[in-house]
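Right, I'll just put the structure down here and ask away after.
Note that the chains take the letters A, B and C in the order they are written out, and that residue 1 is the start of every chain.
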Amino acid sequence: MKDRKLSFFLKSKFSGDNIFEGAVGLFAIGVLIIALLLFGELYLESGLSRNAFGFGFLTGSIWDPVSEVFGALPFIFGTLVSSFLALVIAVPFSLGIAIYISELAPGKLRAPLSFIIELLAAIPSVIIGLWGIFILAPFIRDYLAPPLSTYLGFLPLFQGPMYGLSMLTGGVILAIMIIPITSSISKEAIQTVPIYQKEGALALGATGWETIRMSVLPYARSGIFGAVILGFGRAIGETMAVTMVIGNSARISGSLFAPSYTMASVIANEFVEATSKLYISSLLEIGLLLLLVSVIINIIARILVSKLLRVEGGGRA
Amino acid sequence: MKWNKRKLTDRIMSGMSAACVIIAIIPLVSILYTVTINGISAINLDFLTQLPRPVGEPGGGLGNAIQGTFIVVGIACFIGLPIGILSGVYLSEYGNNRFGRFVSFVADILTGTPSIVAGMFAYTFVVLYFKSFSAFAGGVALSVLMIPIVTRTTEESLKLVPGSIKEASLALGIPKWKTTLYIVINTGKSGIITGALLAIARISGETAPLLFTSFGNMFWANGLDKPISTMPVQIYTYAITPFPDWHTKAWAGALVLIVLILVLNIGVRFVTRRKYAM
Amino acid sequence: MQNKITVNDLNAWFGAKQVLHDIDIGIEKNAITAIIGPSGCGKSTFIRCLNRMHEVVPGAKVSGKVLVDEMDIYDSDIDPVDIRRSIGMVFQKPNPFPTMSIRDNVVAGLRLNGVKDKNVLDKTAEESLRKAALWEEVKNDLHKSGMSLSGGQQQRLCIARALAVEPEVILFDEPCSALDPISTSKIEDLMLELKEKYTLIIVTHNMQQAARVSDRTAFFLYGKLIEFGETDQIFKKPEEKSTEDYIIGRFG
């Protein structure tokens, strides 16, 4: 009897169930380790730069590899402005798309339309950049910039010469790239609005649009806000397409017609060439900043849209 | 009068939302169109099978970049699929506790990692360690992007497997681990496969994380520890040169890559349309 | 009269909520025992305690003794997996494995417990389907999905699947509640055949069904066993007032 107990104890301790749970558990720990390594590596390797420049790194506007002075402000500026510009363009479109697909489109069109819009998210960033260089940038230079400078030229935003590769082009291309995610999550937010919310308004004699404005949008607003934030997160981390069209000039300018530079672009362009330890470390600190900001944005967005968000493999970070 | 104005607003706003959809589709159509028009003329057997030639020399192709993309994506799958799928299995079947929910949350946040940051990580972690750009480093970078996607899609698809199926299996005297491995995974496999394929489609087009990991190479792959050419990086390299001949090559490369990715995406959606009624 | 299962002082909980109180009952061998009672009274919980499926639910607890052929299945050195192999279960809603063929469904239990020989598997599949009175209907479609069958056929497939692992006892949890009358009567006939070789317990909501198929009937109320006896006696001359109320309420 004693013997049986012991062998049972061993059998249950090392049972298939425990071994299996332990094994797959290790892989789950693996996911945490990846997250830790991601932070850890960037944090450690950027130490040199953090020690050399401290907080001045964020406010310094001189980026001079020759004399080894590194301030990231021009890139932070470029990233924030281009991403903000992208939102200004993409949000109204995304809302229009979300409203059309979830409320107005004929039933048969809804799924194919969503699919087409989401297909845009599957196109590799480098191909969108290629199209940006040869199609979008000339288009903006020839057809969008002239009327802007003619009619809105009194604003500093639209002054100066425009050669195609510019902050404006970068913002437009980012807008194109984030429309799929902002519109599809807004759509899901709108689709969670219960029928009785809409019927309430319709019963009062509201038109379709009034119903959307008075009861659908207010009800879905936190989800929509989450969608916008998530779009912002995508925009700041986006690299190739922006790098190819934004002009890559580390000068801070008030005009959207001027070239600019983003955090992701400077890494893409200079990381391979960076020779000195401090130079590499400074680029890594920019990477760390990007990672931190995108983590914070994702946490906020996920709190806002927690239930709505499905994991999508087709998207692009 | 007032009513008419409201009706008019209704019409206008409806029209504007429809216009948003149309305008948003224009870039997609334009991209597909220009890539096809500019790329198709350069595509032939040589382009798909030959090495690149120096600028000015006619002919040559992207054979090595196509080969390299398969190798780097293959490495990423080799690392990423087991970790992603098995951690997803853990989260769905054993993860209903604090640790599980935390891992799931972290994976969720990781899906938003900027891809270039994954490249920097692989650089400090692999390139600096081996003191060389390498196919392996590229694979590591891509696997970092792939793992959280696969983890979460696996978790979600296994959670959709009804409890009654698990109970049926347990009640036959099948141990829980075999139930998970053979019944639950089998039942949820179409979701797992979909997630994996979409993750592969996504990483196949990634450029930024490869710039300073797998780097580039003008020759055929000669070892996982050596720099390797990939389609996205090669397209980028060609695109930013001033040579029209290379621009054509960039378009043609883009066409090949886009076909590959769209086939994966559209194919997956057709496959998953046939769902088992459970 | 020999008892296959003897339950002593069984209590069961979901978390802090006790749902079974001090159950004592003996289940006769090669007979059909029906469990009746209003919904929520603990019928499912009770039979799930008999093959240690109760503890599959997180937070669920059991105390007491369940003796199967003199052996306490809750003894600390017993592996619940072995118990479930000898005490099979058929659920309320048919639940075939959706991605498996009819044949693979039937032999899933054997295969996953290590039987590889194709001939043995084929033979078991046929025998079990015959015992479940399904063979004639599916013998030409063994490789079709189990989901392609009708509800009643699916339920018999689940019975075949349970039979394939050669249990001694089979627990049925309202096996006909999702089925039409014709399928129901097929399953009832099947149960009457099966009791020659197996010990059967059926939970049912349907008084007529209990009266038709069972030899003995147990009436549960609020997690307690109120009355247990020969089916005839329970339905014709119940000793407890609440049993009578329940049966009359149901019949009336």
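Observations
FYI, a residue touches a chain if its C-beta (ideal position, glycine included) is under 8 Å from a C-beta of that chain, and two chains touch if they have at least 3 such contacts.
Here the structure is a predicted model, which is why all the values come from computation and not from measurement.
Placing every chain at the mean of its C-alpha atoms, the farthest one from subunit A is found to be C. A simple rule picks the central chain: find each chain's mean C-alpha point, then take the one closest to the mean of all protein C-alpha atoms, which gives B.
For the pair subunit B and subunit C, the distance between mean C-alpha positions equals 48 Å. In whole angstrom, the spacing between the mean C-alpha positions of subunit A and subunit B is 16. For this pair, subunit A with subunit C, the centres built from the Cα atoms lie 54 Å apart. Residues of subunit B found to touch two or more other chains are 175, 178. The touching residues of subunit C, counted against subunit B in their complex, run 51, 53, 56, 58, 81-86, 88-89, 91, 93, 95-100, 108-109, 112-113, 145, 147, 158, 161-162, 165. By the touch criterion given at the top, residues 96, 162, 164-165, 167-175, 178-179, 182-183, 186-187, 189, 276-278 of subunit B touch subunit C in their complex.
On the subunit A side of its complex with subunit B, the touching residues are 15-17, 19-21, 23-25, 27-32, 34-35, 37-38, 41-42, 45, 92-97, 99-101, 104-105, 113, 115-117, 119-120, 122-131, 133-136, 176, 179, 183, 207-210, 212, 230, 233-234, 236-240, 244, 264, 267-268, 271-272, 283-284, 287, 290-291, 294-295, 297-299, 302, 309-317.
Within the complex formed with subunit A, the subunit B residues making contact are 6-7, 9-10, 13-14, 16-21, 23-25, 27-28, 30-31, 34-35, 38, 82-83, 86-87, 89-91, 93-95, 99-100, 102-103, 105-118, 120-121, 123-125, 144-145, 147-153, 156, 175-178, 180-181, 194-199, 201-202, 204-208, 211-212, 215, 232, 235-236, 239-240, 247, 250-251, 254, 257-258, 261-262, 265, 269.
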